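Just so it is clear, A, B, C, D, E and F label the chains in written order, and each chain counts residues from 1 on its own.
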């Protein structure tokens, strides 16, 4: 499974890029977020804020590698209404990640697993796959999640990879 | 002081008018709120919400007497981008209110007082007056508030209107 | 254009269905919203709230016709983690709506138009079409919107449907 | 287990009581919420809102039986700074609830279970118990939850109460 | 128009000053914001947050040049209730800005224009002027915006400054 | 009173640690916050955000000394569901603080006082003590606060420590 293994590491060359938007059609936001992810943003999120004169604005946040700043800025300037952006230097500590698989009644499904100092600390069913299963098999999404989580734990315990 | 006295009462003919806005320039919101207050709205406020496709929208809320619904609707339809509004019936319980005055180092200032079942339960310095005093006399706004509150309490205790 | 005309009207048989969620994986929310729209909800939106013990919860809101309450409830109970829902009676005032078309450099695009008491008060380019044009032609989404709006206004003024 | 069984039902005599607070020390809010729960409120939650002049206010919401309105109002008027409250009529649809128990490595723990039309749709470990176990046994809270959920499902499947 | 031209630039000596407020009368916030802008803050905004014990607090954010830190701090310490502030270093990328004018039925109005790498990417009618026109001429604010935007685009296209 | 005096200072070795959570049970948040405070965090707060695909997430923020980063990270990785955290360097300017006491009808109560450049700028009754008094003596919390504030001001003025 080494092909999908990514080592735990700290990346000290990240930027948190921010733009406060108080005069933009909110309808455009999801489109802008998609474009930013496509351009290599590690994360994109919005924070509801209150701006000058009590305006209900939105702060766009983009977490991105320093080397990609300029392409992120191009998107923000061309797709939003802002006249300025700011960025702050950030360090990102990312867990080692693996994608494992469990056999379920609906076929094999993926579980994203996170390791901190060699210890399994996170595991989460892949949202898109579970969503697809829920739709196709007409079963509540929360049941799909529950089942995948149970099967993953059972599988790990068999291998003694998880303490009982 | 009967000229400014308003009896405690329940008004069962109020409407809570709501419009979800996801494609409107937020810059316009404060202007719309001002117009709604001018048209007789009892209260106007905004709630940050998440709408279809994850859009960061704003829910406009107007509390208004049933008789004024149509003028409120006219403003919302002409000044915002919504294609529909909804309203719910509400009852408003309002305290008896009096405006009293205290002598302060900066001249007489008004205190809004609320009575529930004849008992003084609320008192608050008038924001606009305190703000003006703070600006003119270059004193922190919070000190003006504090002083007005202390003087009001002292005045009430002298008259035994407030328990020590 | 009468085929797509819907008269302005007030619908007094609507419900605002609400569920406060403080122990649910937020990842599931968009899936739940999609299912609620599919089941005939007129609108679905989320409000960030603070619940018991300071928990950061989400209030799910569904605006729906009284006749569809039970299918909406079935989805909420099976797809979320709530043990109860509440609903309030609401009236919806909806504008007359028409879908018109403008010729653009990227082909014909749709504009949703709203009329209040016979007067054109709203018009908005269709988001999905504009988004598709922006992607395919690699032009900023905000420019597509701007162009569609300008062309629509020009077209209306030629017909004297809009005051210059 | 009939002693803790509560039938699924709709209660049409509920009120949603609301007060917008824009001049109150937020530090007091949790105390007020506790008092409201003590006085019989079914639910209490806060919504961040934007009020007149762009003030960052909080809307206090209390869901309560009609018969308890007056004691709820007394608390709001004496403990907050509001000069008025409003209330809207609401219906509450509550699932049948049972409290069941599972044997865990840390002793027996409670699971709250919800039934809709006789079908088990919800189950959730009791937060307070899990929190106590996590603290005492120094184990991550999320692991306690996971374990309780797995054991509950296993127990139900043995009894064929849950489809495999 | 060179008199109002500001070149596009990156300013690496900015600070993002933050204070979390959980025990302050929100009524004072707009006054504090005004004072901070008067003292030279480039931007001031508020973020609704949840603080210790679940309190609904507000994070005050001030974007300011390093050289003005101390006067900003003086205002925050004297006008709010905080016992501490924090600041983070930020870089601001600001577009070249020009103020241009368009002739409208209500007289000449200003448009703020932003250039990124020499290309016009933003233009926005001046809010205060549009608001005044809307009030005086009793026309919806959104129509004033629309008209100014159309006239600006028309003017630019005549000069071939904007691609058709 | 020197035993509880802390000098005003700027600490340049602080970190603002952030994790965006979009797939975690919000019920766990207060427990996590408690653990982070126990591990030496100076402040912990949550920001409601909108994440990828429109998910209503929560950004966990921890303000902490650089030397404690690793124990804070251990808690976040073991108690939340995140696969990564980020941190930004921050400076904290903290006022000189003293705890003083006032005699009240309910016994002596503590007031936290803040000094900026030797000048008293803040004072706040201790929440936990006031809350306890309010509960035991069945008096509104806001009255306890008011009384403590008045007594503190009176005491300071007698000593000429506060300008009248």
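As a working rule, contacts are C-beta pairs under 8 Å (C-beta built on N, C-alpha and C of every residue); 3 or more make two chains touch, one makes a residue touch a chain.
According to UniProt, the chain labels map to these proteins: A, B, C, D, E, F = LarC family nickel insertion protein.
Nothing here was measured: the structure is a model prediction, and the numbers come from that model.
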Here subunit C maps onto subunit E under a C-alpha rotation whose angle in degrees, rounded to the nearest 5, is 180
Report which of A-E and B-F is connected by more C-beta pairs in contact. A-E
Length of the line joining the C-alpha centres of subunit A and subunit D, rounded to whole Å: 29
I'd like to verify one number: the distance from the centre of subunit A to the centre of subunit F, where each centre is the average of its C-alpha atoms, in whole angstrom. 30
Give the residues of subunit C that touch two or more other chains, as numbers and ranges in rising order. 23, 25, 27, 30, 46-48, 50-51, 53-57, 78, 81, 88-89, 127
By the document's touch definition, which label belongs to this structure's chain graph: line, ring, star, complete, or other? complete
Write out the stretch or stretches of subunit A touching subunit B in their complex. 22-27, 29-30, 46, 48, 51, 53-58
The answer for subunit C against subunit E in the complex is residues 50, 53-56, 146, 149-150, 153
Write out the stretch or stretches of subunit E touching subunit A in their complex. 14, 16, 30, 33, 37, 43-48, 61, 63, 88-95, 97, 112, 114, 116, 121-122, 124, 127
For subunit B, which residues are in contact with subunit C within the complex? 20, 23, 47-52, 54, 57, 59, 73-74, 77-78, 81-89
Could you please specify the touching residues of subunit B with respect to subunit E in the complex? 25, 27-28, 31-32, 48, 78-81, 127, 131, 134, 140-142, 145
